[in-house]
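First chain A sits with chain B, and in the next complex the same chain sits with chain C.
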Partner chain A sequence: MRDKRMVLFGFVRGAAAIALALAVGTIFIFLSSDEPFTALKYLLIGPFVSFHGGVTAFNTQNFYQVLAAMIPTIFTGLAVCVMFSANQFNLAAEGCVLVGGFVGALVGIYVNMATGWHAVICVLAATVVCGLIMLIPSILKVKLGASEMVTSLMLNFVLLYIVLHFLNYHFADRSKGATMTYPFLDSAKISSIVPGNSKLTWGFVIALVISFVIWVFMYRTRWGYAIRMIGINESFSLYSGMNVGGTIVLSSVIGGMLSGMGGSLEVLGRYNTFVWRELPGYGWTGVTIAILAKNNPGLVPLAAFFLAYLNKGCQLMSTHSDVPSEMIDIIQAAIFLFFAAEQFLSGYRQKLVVKTTREELMKAESLKATEGE
Partner chain B sequence: MFGQFFQTIFQADFLFIIIRITAPILFAALAAVISEKAGVANIGLEGMMMITALFGFLFAYWTQSWVVGVLGAMLIGILLGLMMGFFSFKLKTDIILSGIAVNMLGTGGTIFLLYMFTGLRGNTGALVSPNILIPTIDIPLINKIPILGDMLSGHAILTYLAFIFVFVMRTFLYRTPLGLKIRAVGENPNAASSVGVSVIRMKYIAIAMSGALAGLGGAFMSMYYSQGWNQGMVAGRGFIALAAQAMGRGEPVGAMFSSVLFGLAQAMKTKVSGLRGMASYNYLIEMIPYVVTIIGLVFYAVSIKRKARRHQLRPIKEKLQ
Partner chain C sequence: MEANEFVVRMEKITKIYPNGIAANRDVDFAIRKGEIHALIGENGAGKSTLMKILFGLEQPTDGTIYLNDERVTLSSPLEAISKGIGMVHQHFMLVPSLTVAENIVLGMAPTKGGLFIDYKEAVRLTREYSEKYNLFVEPDARVADIAVGMKQKVEILKALVRGAQVLILDEPTAVLTTQETVELFQELKNLKEQGFTIVFISHKLKEIKELTDRITIMRAGRSVGVYDTDTISEQEISRLMVGRDVVLRMDKPESVPGERVLCVEDLHYINEWDKKMLDGISFSVRQGEIVGIAGVEGNGQRELVDILFGLKVPDSGDAMIDGQSLIGLPQARIRTLGVSYVPEDRMTFGVAQTANIQENMVSDRFSQKRFNKGPLFNMKSLYDESDKLIMDYAVLCKSRSQEVGMLSGGNIQKVVVAREFSSDPILIIADQPTRGIDVGATELIRNKLVELSRAGAAVLLVSADLNEVMELSDNLIVMYNGQIAGYFDDGQWDDVMMGEYMLGLKRQSDEEIRRACHA
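Coming up: the complex of A and B.
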């Protein structure tokens, strides 16, 4: 009884948070735009509906594009979930996506091998390298107590400049105007699963599978249990004999591996050469996704879909109206603040708890009365 | 190459640059110090600086007065601080997460706001004029001293203010009742609350002050340092300031020394990249400040650990003797 109501309350609260955030977005649209209704139309239903020539129809290509945009963010979302579950505010997923993409690209260009396994090796190389990178902030945290948050933030910049250095001075294709690597070998590319130019690749399927795997890991294995337990109560975990340090390192390494995998799948699936020249921002989206999913890997694809939809809506809005696409950051920040707010609608929750308890007491009393008879 | 390197380093103008680069980091580091003293980890400093830099510049542009710009930036900083406070203290959003939200507003939200208010995209280069930039001042007497004068005189007013604020902050924290209350709340909220100090109120005050200081840092960036607002302007200074706070053991003077260290690292970056033969290492040189920050944090963490161990060992040793 109580559980059912609380689950319902959870949904209502989430919906209210999202509605409030969209309301904030709407206010800004009305403040900034000359054509607010066009902007809103594209933001809210643009991703799925095309309005060409007065005919409204379901837009399959846009739908595929939304799904394709979920590929890197599902991975970073999962990575952040695993790290935040252990109460590690490690924000290096951002840098790891970049490095993962770069390593995947390099293996895809310079390692020539049989078709079929090439792409797999690229992704695995990226995964391993990023897992190793995450040893830096996590070991500094465990051994020395250095704040993983600050070191990981700094690490993002360090990784960015290392990648830029190697991209510019060692692996750049000088015949091109812009700085980019040589094209990937065909065997390294991740192929699409649908026709068209939507870039919806096998990476999407892999992302869904990995989400399930990570869910199993977090909720059905003892390592996952240890990670969650440390997040809930680190002292308790320590006194009950868990290997707290090792588990924290494990959670960070898994986070790094997931980010690297996501970065390489994205780069090899979407582009022909490595073109990223700044941090791609997927790590931060991953943080929002983890918050929306309440650190539950099973809900990550759903949250990633929501954000990808919103992002696509913002892009369409900026093409078809005068509102810049950076609007997404304002909406995201608002969602973030309301969704993570534990006391948001707490008065309502209190009432629900009181009501449920009263009903239970009444039931217990009537049960007693019937027993007494 | 090394001869050339040392020649560039030991020059008055290099020291001048260090001081200039340190100022915004120092403001942000002091912002981190005051909030951390009240037990509030303000990781939104980066975003706060971006937003206040934008608004400081816009206020200055609208009124054509740099004073209004600086005050406006402080006001916006205070409002951002109070907003973070509202969500974290009232609605119980984790303070780290409300900080991340402010950083999000700082990266994309500022571009949106800039467009909303001015119709410009990306930067405010078109709006810069001399009277909205923070003026520099020559200190009489000191500017006559050969090397010291070149080093210390001719900075922006806010640069001097940053270093003055270090000592103002120390006095405030250790010599005033309000400072005592803020420290008490940070060290032991229950004890503070038991003697009648309103924990929430102190935290609000601390984070608002933190916002005001971040506002000064932001105003310095857009109205003096880079002469106009642009997107990548703050470049992690808010995060570096967090490291400076941690390395300075949370004390104003300590934070000043670590800020100068990071300022030195940044100044080295600009100097070294100008040397002959270093052109193809420019990205690795860009990395220096961040690497120095990580190394600094490690040293700090090691020293804290050693200290803690000494404290633990002392009673045992005394018993043994």
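Coming up: the complex of A and C.
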């Protein structure tokens, strides 16, 4: 009975957080807009439905764009899931996406191989490099006890400026007005799986497959098990005889690999040259996704879809109405707040616990009485 | 007796924790104005819970509290403080990087213009109270730099500055040196003369006899009596404290001890407050026997067990399993030597609360070949293993995928024990294996312990439950003050005698104690 109530509580809490966040968003829309209903229409159903020329129809291209936007965030979401599962507040997924994109781009430009394997090599190179990068914060944590949150956060900027340095001084295409690399070879590009300009590439399929693989890793292998147990209770894991330090490093390296993979798939799928000049922000989105998915890799695509949908809705809303697109930040922040706040609805939870305990005590008492104690 | 003499009256206090443990059952507790009142009882007897309720840290499930005959609800420490109740915790609640004066005014600091802390005023206030109550502290010293005794004075001053009339001291002498204890007693007597009321929680009979006016003795969540200190002997207190509610009889087959499995040699350990916790402990545990360690909590048992399971490193001495030293080994190695461990703190070391039963059952063996197929888990063998353990140990649950934290205390302990007992251990260290759990689970765990020892395992049983050590042990060690106070191998022991050794009233000769080594 306890279990059912708690599971139900989880759903109620999740739904309430999203509903409240949207409600907060709606309040802001009504405050800031002269045409709130148009705005809401685009926000909520815009990504699905096209209103072009007064005809309402399913909007395929918009929908593909929503799916395409999920590619990098599924990867960072998974990366953060794996690291958070080990109770590591490692935020370097952000920097790893950037480095992954850059390394993928370089291999795509300078390694000349005209086969289908080129793209694979690009992505693998990015994956390996970013896995190695994550050794830095995790080994510092395990060996010296340095807070991985601080080191990884700082590491993002170190990585950003290293990439900018190499981009500016070594790999920039001087014939262009803006700072960018030479174009990737065609063999390195990740091709689309649908017609049109939506950038919905094979990366999306890979993202879904990897989500499943990571779910299997976390729930069906000894390493994933150790990661989860350490995250739940490090003392317990240590005492059970697990290699706590090694597992923490492992979880971070996997987080780095996933971020690097996501970054390279995004860059090689969406652009023709490497153009990022600042942190792309997918790592932060990954944190939101991991929290929404409660660190369950299986739920990451769902959470990524929710955010991508919301993002697209906000974008449409700002194009078609007078509401600024910054609204999405308010709504995202609100969701984040409600989910991250452990105490949210805790009074309700406590009531459930007390109720269940009382019932169990009564049952135990009556059991005792019938036994004639 | 006139009711209005009592500054605090707690009536029929019952406290049931959400995990189903009943820490207090219909406890009546009353303190007269201006007395020093001792609250004594074994660990887990419910003293701390009762005092936490009085200090507003816990809410009673049932019962009423009267302060000066006025019925009150104390929903937070803030409220308790505002009603004149102060508590000095065993572990100090001070900010080490701030000065004494800053700590004392923390949260109620005098300000200049309502914005900046008036540090001079804080120092003045500290001096004033310090002189008024003869509690000498150095207002400008950083708390990190001062001695334990002074930290305690800072804690007491903190309470007094906040207007406490009733002071609760939770085992104040546990961390003090003898000299500091003498000083503290003088100060407390002084406070009493100035009209303060003091609740003094302790295990130490001599101190209680010396300091207090009246005693409330608690056992197993109930109050077993209130006495004037000078009308009751130490022996009698010890009997009431550890006396047995139900005489438990275990029918266990005769033990046939074999080779020595665990050898502990002259262990010394000094804790971070420079207190000698282990002072030359030597004993051994042989195959097929249960060696019990009895003693009042805080006499070195905790440190001994931590050292044996690699959580602490002793200052000197050795501990060996089958001739191999385990000092400094990681837990994984100690486990492969064949040691399993039922931890006292099952929520921290025993289980991962939000993981399910199956996951908790295999935490020590999940990487073994039989549970893996290549890189993947062999889920079927994992499920079979946990289902078998759930059956064998009668874990009451809906399924193996139920969250462990949702089980009752007894069933959580069954999960721990099932895992620890099923790994073919040659040595089982069971630390308070049945504390706070129901009768059924207790019986099952005790039977399993006997069963395993008779099958050849060496068992070291540490328990504050005297009943348990006395009935289960083949041989019995009593620890007092970091030393072995007595070793008994004749099965001829009773609670009165144990109480005397546990509370330091008696001690065996060195020769008698040396027998514990079976050398």
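Please note the rule applied: the second predicted complex is superposed on the first by the 331 of 373 C-alpha atoms of A that agree within 3 Å, B and C clash if a C-alpha of one lies under 4 Å from a C-alpha of the other, contacts with A are read in each partner's own complex, and residues count from 1 in each chain.
Please note the rule applied: a residue touches a chain if its C-beta (ideal position, glycine included) is under 8 Å from a C-beta of that chain, and two chains touch if they have at least 3 such contacts.
As the structure is a prediction and not an experimental result, all values here were calculated from the model.
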Subject >> chain B versus chain C, judged by how many residues of chain A each one touches >> reply: B
Original post:
Is A:F305 touching the first partner chain B, the second partner chain C, both, or neither of them?
Top reply: neither
**OP:** Figure out whether A:W202 sits in contact with chain B (first) or chain C (second), or with both, or with neither.
**Re:** neither
**OP:** Have a look at where A:R222 lands relative to chain B and chain C in the superposition and call it first, second, both or neither.
**Re:** second
Original post:
Touching A:F48, do we find chain B (first), chain C (second), both, or neither?
Top reply: neither
Original post:
If you stack the two complexes on chain A, which partner ends up touching A:N233: first (chain B), second (chain C), both, or neither?
Top reply: second
**OP:** Kindly list the residues of chain A that each of chain B and chain C touches, one partner per complex.
**Re:** none
**OP:** Using the touch rule from the top, collect the residues of chain A that touch chain B in their complex.
**Re:** 28, 31-32, 89, 140, 144-147, 149-151, 153-155, 157-158, 161-162, 164-165, 168-169, 284, 287, 291, 324, 326-330, 332-334, 336-338, 340-344
Subject >> For the chain C and chain A complex, residues of the former touching the latter >> reply: 16, 18, 20, 309, 311, 330-332, 334-336, 341, 343, 348-355, 359, 363-364, 366-367, 371-372, 375-377, 379, 398, 402-403, 406, 408
Original post:
What residues on chain B touch chain A, complex-wise?
Top reply: 43, 87, 90-94, 96-98, 100-105, 107-109, 111-112, 115-116, 121, 236, 239-240, 242-243, 246, 280-281, 283-284, 286-287, 290-291, 293-294, 297-298, 300-302, 304-305
Original post:
Quick one: in the complex, what on chain A touches chain C?
Top reply: 2-3, 6, 216, 220-222, 225-226, 228-229, 232-233, 235-243, 353-354, 357, 360-361
